[in-house]
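These notes open a run of structures that come right after.
First subunit A sits with subunit B, and in the next complex the same chain sits with subunit C.
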Partner chain A sequence: MNQESLQSLLPQILLALGSTAILLGGAWVRNRRLWLLVGALVAIVAALVAAFVEPPQIDILGMYSASAYARFCTVLWSLTVAATLVISCRYVDIFRFGGGEYASLMLFAAAGMSLLSAATSFVGLFLGLEVLTLALYILIAFRHGDTRGAEAGMKYLVFGAVATAFLAFAIALIYTATGTFNLQAAAVGLQAGDGLRPLGLAGWALLLVAVGFKISLVPFHLWTPDVYQGAPAPVSGLLATAAKGAVLAAFLPLLVMSGEGIADIKAILWLLAIATMLVGTFAALPQTNIKRMLAYSSVVHMGYLMIALIVAGADGSRALLFYLVVYSLATFGAFGIITTFADENGEIQDYDDLRGLAALHPRRSALLAVFLLSLTGIPPLAGFFAKFGLFQAAFRGGYAELAVIGVIASVISVYYYVRPVIALYAPESASVCRDVAARSETLLLVGCAAVIVILGVYPTPLLSLVALIIP
Partner chain B sequence: MAIDFPLLSLLLFMPLAGALVCLVLGMGNSTAPRWVALLTAAGVFVVSLLLCLLQTPTAGWLFYEDYRWIEQFGVRYTLGLDGLSSVLILLTAFLQLLAVLVSWRQERAPGVFFALLLVLEMAAIGVLLALDLILFYLFWELMLIPMFFLIGVWGYQRRFQAAVKFFLYTLIGSLCLLLAVISLYLLHGDQTGTYTFALEALKQTELSTTQELIFFFCFMAAFVVKVPLFPFHSWLPDAHAEGPAAGSVDLAGLLLKTGVYGMIRFAFPLFPVAAQKTLPVLAGLALVGLFYAAWVAYQQVDIKRIVAFSSISHMGFVILGLAAWNQTAWEGSLLLMVNHAITTAGLFVVVAMIEQRTGSRSLDQLGGLWKSHPNMSAFFLLFCMASLGLPGLANFAGEILILIGVFTVKPLWAVIAVGGILFSATYTLRLVQGTLWGNNCEPHDKQDLHSREWLVLIPLAVLVVALGCYPQPVLDLLREPLSALLLVGGMP
Partner chain C sequence: MITVTHYLMLSAILFAIGTLGVLTRKNAIVVFMCIEVMLNAVNLTFIALSRHVGNLDGQIFVFFVMTVAAAEAAVGLALLIAFYRNKETLDVDDFNMLKW
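Take a look at the complex of A and B:
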């Protein structure tokens, strides 16, 4: 590893070093908020470096790339983590988290996600994914003594370990079949019918299982609602947005660059997309707990994103990235609101506890409504153009049936997204939450909502940016 | 196009600005939002009146704005105003002003409430101005959200069910529209190489008859649900019955109109061949709806539901006029639409006043209001008479034009439709008899109209009489745009 590769990896190195420093510092100074804010600062600096410092070389040791696309992803994940840290400020005080450990693990997760979406070889991919997952194991079970949290952590650990095993085995098989760790070469090799094709295909199938678990595609989604419900709300937010986005982002270049390389598995993806959209939608309908509902909602949205992966090409990738950003903003916002509603008695999760909150907290209720309506895809919120781009790409790519199913799922989704909103605005009040949101929380969430509205009215800037960085 | 000032955008964004101010002021103050809403609505009304007065009786756009917007998708911000849009916008602005006055005493979260009313107004105006299909769709969907919350949050007992029903019905229709718009856009792009959503460009797309029929059905799915045409109407009575008074005024006055507008501005000109082929079906449904809704209205006990069903029945008449596809009938349809909006708004307003005073909307419990509240009852009687089509009052002029127009094409349709007027007389008279005469109910509020209520009812009553006796100004504005739209479709 020479100096140039180090320089190219600067954002990731910053995240990892910052994380270690905070972990050590946290042992000396037990100030929670300080470390959270330092962590957020480190993440922002990493994002700025990724955005504005031109890396000296694109290919790093054949494992990672510092392309515009990878840097764009790094910016996204770092900013998500920074926002998660800011929104957690009051939350960590209420539940007496170790501030240093929390911030440090969040930064580790950011480094992992950033490596994951920058990976160009299976080894890099595996490393990034494990860094991310290990940090998440701890973060999910961060509330000591909370049985639901422990259950969630355990579930994620068991499923995660199995998925890791699948991934390792998949990599072994693909390597056997094609003789390379390079993602692109492996895909092309499979297409050319090189080597042991059946083994290679089996490897891809196992890989899909591992990915399916990570981004909770049906039928690998069963852990999602329990883990989201049990994990601390800000961590659930991270799980639903950046953690899934990083995995998807890692596979996007694979599908786009390899052209017809993995046409063989498109049929499976097609089935997975349909199953994910439909099962997720119907499972979300009866939910009366907002975190579980958001968990199923994230399942459904991953189904939508699968459409973009299947369509691939410039259209598909543009739609996917735009959708990912918009979806992440809204989902992060929704979990952020749940975070700010938490007090000593725990988080407010059931719709019955949300009843009448609008009278007490008009701002946050309105914001939650904006986030949920954006997820529904109602104009003039950004969710509309995200879905519009997706369905348009599907039509153009000849997958009209996927678009139609997506549209049907969106219609049904109205029901589960508006139920909590109606509960918020119910005339009687059942809730006891009287905490006023901190100014930083309100500012951050208002910012998210503002971006959603602006992108909903004028999506051109983000669309052009996304078009620029497509691999 | 002679005026450079973006008057249309001003018209569009004035309510939005008002809504934002309402939201901000509504945080601490409970009376400021209503004044803001009133001023904004009045401002919009003045501007739209100005636009109507500036209108010259020529075809083409008097005002037109066109800007780049989302280049990646070929979406543009295109607005255009002709006589047709200006009449409907004036109607929208007028009714919205009344809706604000009707909800003057709104106490639950007034800031949000009035903000939603103003956003609804903006969306309705946007629908009437947009000439780019995505822009149109955006406003079309935007109408849903405020209406959904007005019903779902400020409504009566079963408001959630009613709101969700309304939302799902209209959303399913809208998404059919969206799918058709996207396919049409791609088809046009593949044919010509330019991907655009502009209405004028998309009219040139070459379609096979089958394609045209499929697209036409998808477009109409959105529009007939909104109108609503039998058998897609079942959301409307619930939405009316469970929604607040201002919601009902807006539903009857704003939302239903946009359905018809969508047909004649978008669905018919884009797919003229398919439209011609389906006219008999449309007329058939309209006639069935005309009778069916009247019959159901006769069975109702809740007076708000009676008015809601009468509204469906009248919209059947409007659609019948469109199906005749000639100038006279179309003018009649549009005129009836305007008149119906005014009379129905009047009816809903008085129904809300009756409910305030007696605490009931049931015919079983009402009666004898003529003695206790003579002024209010007189207005109610006037609107009821207008609604059943008494000559000299608003609805008659539209209905007679429709009947004449239909008779010249399909005499049988006209003969059947005349029977519908008889039906409407029966339920209206039952409504009048049950509330104004008969046994005295015991209203807990003895006060007849107070000044704010006079202020709402007098303009409505004046318009009902004026449009009944002299509808010419409205017809003048409608003539050229309608004949231009008819020309595109060609004669049957």
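Take a look at the complex of A and C:
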């Protein structure tokens, strides 16, 4: 490892070192807000470095890449983590989290996510994914003495550890079949019609199982609603946005290639996408808990994103990245609102608790409505434009059936997204007034909503940026 | 003569036993042991293959898997303790507060 490769990894090194420093510092200075803000600052600095400092090398030791695409992902995940830290400021005070540990684990997760989406070899992929997952195990069960949180942590741990074992075995099989750890070479090696091809295909199938667990594709989605419900709201927000986005982003460069081996994988993805969209939609309908509803909503949105992954090519990649950004903004916002409504007694989760809240908290209720409507895909908001682009790409790529199922799923989704909004604006007034939101929380959430509205009417800047960096 | 195929068979069997254990056992600690069996099956595959192909990459990967397994065991046991303090049980069937 020479100086150039270290310099190319600067954003990730900043995140990891910053995280270690906060962990050590947090042992001496017990100041929650200070460490959260330092953590957010480190994440923002890492994002700035990734965005503006030109790396001297693109290929780092054959394990990671510092391409424009990888750096864009780093910026995205670092900013998500920074926003999560800022929005958690009041939340960590209420539930007496250790501020240093919380901020440090968030930064570790950011480092893992950015390594994951930058991986060009299976070694890098495995390490990035594990750094991310290990930090998440702890973050999910972070609320001390909370039985639901501990149970959510256990569930994620058991599923996650099994997924890790599957991933490792998948890598072993692919290594057997192709003799390489390089992602691109392994996918190309699959095309050769030699005797080891079945072994390689079995490896890719196991890999899909592991990835299916991580981004909760049906039938591997069973942990999702439980974990989202039990985890602290800001952590659920991170789980639903950046943690899933990073895994998807790691596989996008791979599926852009064409070939016989990739075609076989796409056939399986096709089935998974359909199952994910349909099962997720119907499971979301009867939910009366907003965190569980958002969990199933994230399952359905992963199904939509699978369409873009299957279409691949320039069209698919552009649609995928644009959709990912818009979806992340809205989902982060929705979990952010739940965070701001939290008080000593816990979070607001049931629709019954939301009833009539709009009369007492008109601004936050309006913001939540904007986020949910953007997830539905109601026209002036960015969600509509993102869905439009995605289904259009599917039609053009010759996957009309996927687009049709996607459109049907989004029409049905109006029901479960509008239900909490109706509860919010119900005529009877809520029994309890919630705490006032901190100014930083309000500013951040208003910012998210503003970006969603602006991208809805004027998406060109993000579209051209995305077109610039796709691999 | 023991060939690489035998090693692959053995590790596939170990992996299957581990998976079966995860699916059927009730105690969370035993579930964890099964996951360790799965990971060690992976390690066996890597070592056998790396020797067979004559390239060291596979053996390096084993170190990463071992490190990850150790980290996972540390976090996992901590979570088990947190869960036990709350519920006084480690039976998987008692993970039942969160459901549809």
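In the analysis below, the second predicted complex is superposed on the first by the 461 of 471 C-alpha atoms of A that agree within 3 Å, B and C clash if a C-alpha of one lies under 4 Å from a C-alpha of the other, contacts with A are read in each partner's own complex, and residues count from 1 in each chain.
Throughout what follows, contacts are C-beta pairs under 8 Å (C-beta built on N, C-alpha and C of every residue); 3 or more make two chains touch, one makes a residue touch a chain.
Just so it is clear, the model here is predicted, and its values are computed rather than measured.
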Touching partner for A:158 - first (subunit B), second (subunit C), both, neither: second
Contacts of A:384 with subunit B and subunit C, given as first, second, both or neither: first
First (subunit B), second (subunit C), both or neither touched by A:393: neither
Touched partner set for A:126, first subunit B, second subunit C, both or neither: second
Which superposed partner A:246 touches (first subunit B, second subunit C, both, neither): neither
Footprint overlap on subunit A, where subunit B in one structure and subunit C in the other make contact: none
Residue ranges of subunit B touching subunit A (in the complex, touch as defined): 23, 27, 69-73, 108-109, 112, 134, 137-138, 141-142, 144-145, 148-149, 152-153, 160, 163-164, 167-168, 171-172, 175, 178-179, 182-183, 185-186
Touching residues on subunit A, where the partner in the complex is subunit C: 122-123, 126-127, 130, 134, 137-138, 141, 145-148, 150-155, 157-158, 161-162, 164-165, 168-169, 171-173, 175-176, 179, 181, 225-226, 229-230, 286, 292
Contact set on subunit C toward subunit A in their complex: 8, 11, 15, 18-19, 22, 28, 31-32, 35, 38-39, 41-42, 45-46, 49, 53, 55, 57-58, 60-61, 64-65, 68, 71-72, 75-76, 78-80, 82-83, 85-87, 92, 95, 97-100
Subunit B contact footprint on subunit A (complex, rising order): 318, 358-359, 362-363, 366, 373, 378-380, 384-385, 388-389, 391-392, 395-396, 400, 403-404, 407, 410-411, 414-415, 418, 422, 425, 427, 458-460, 463-464, 467
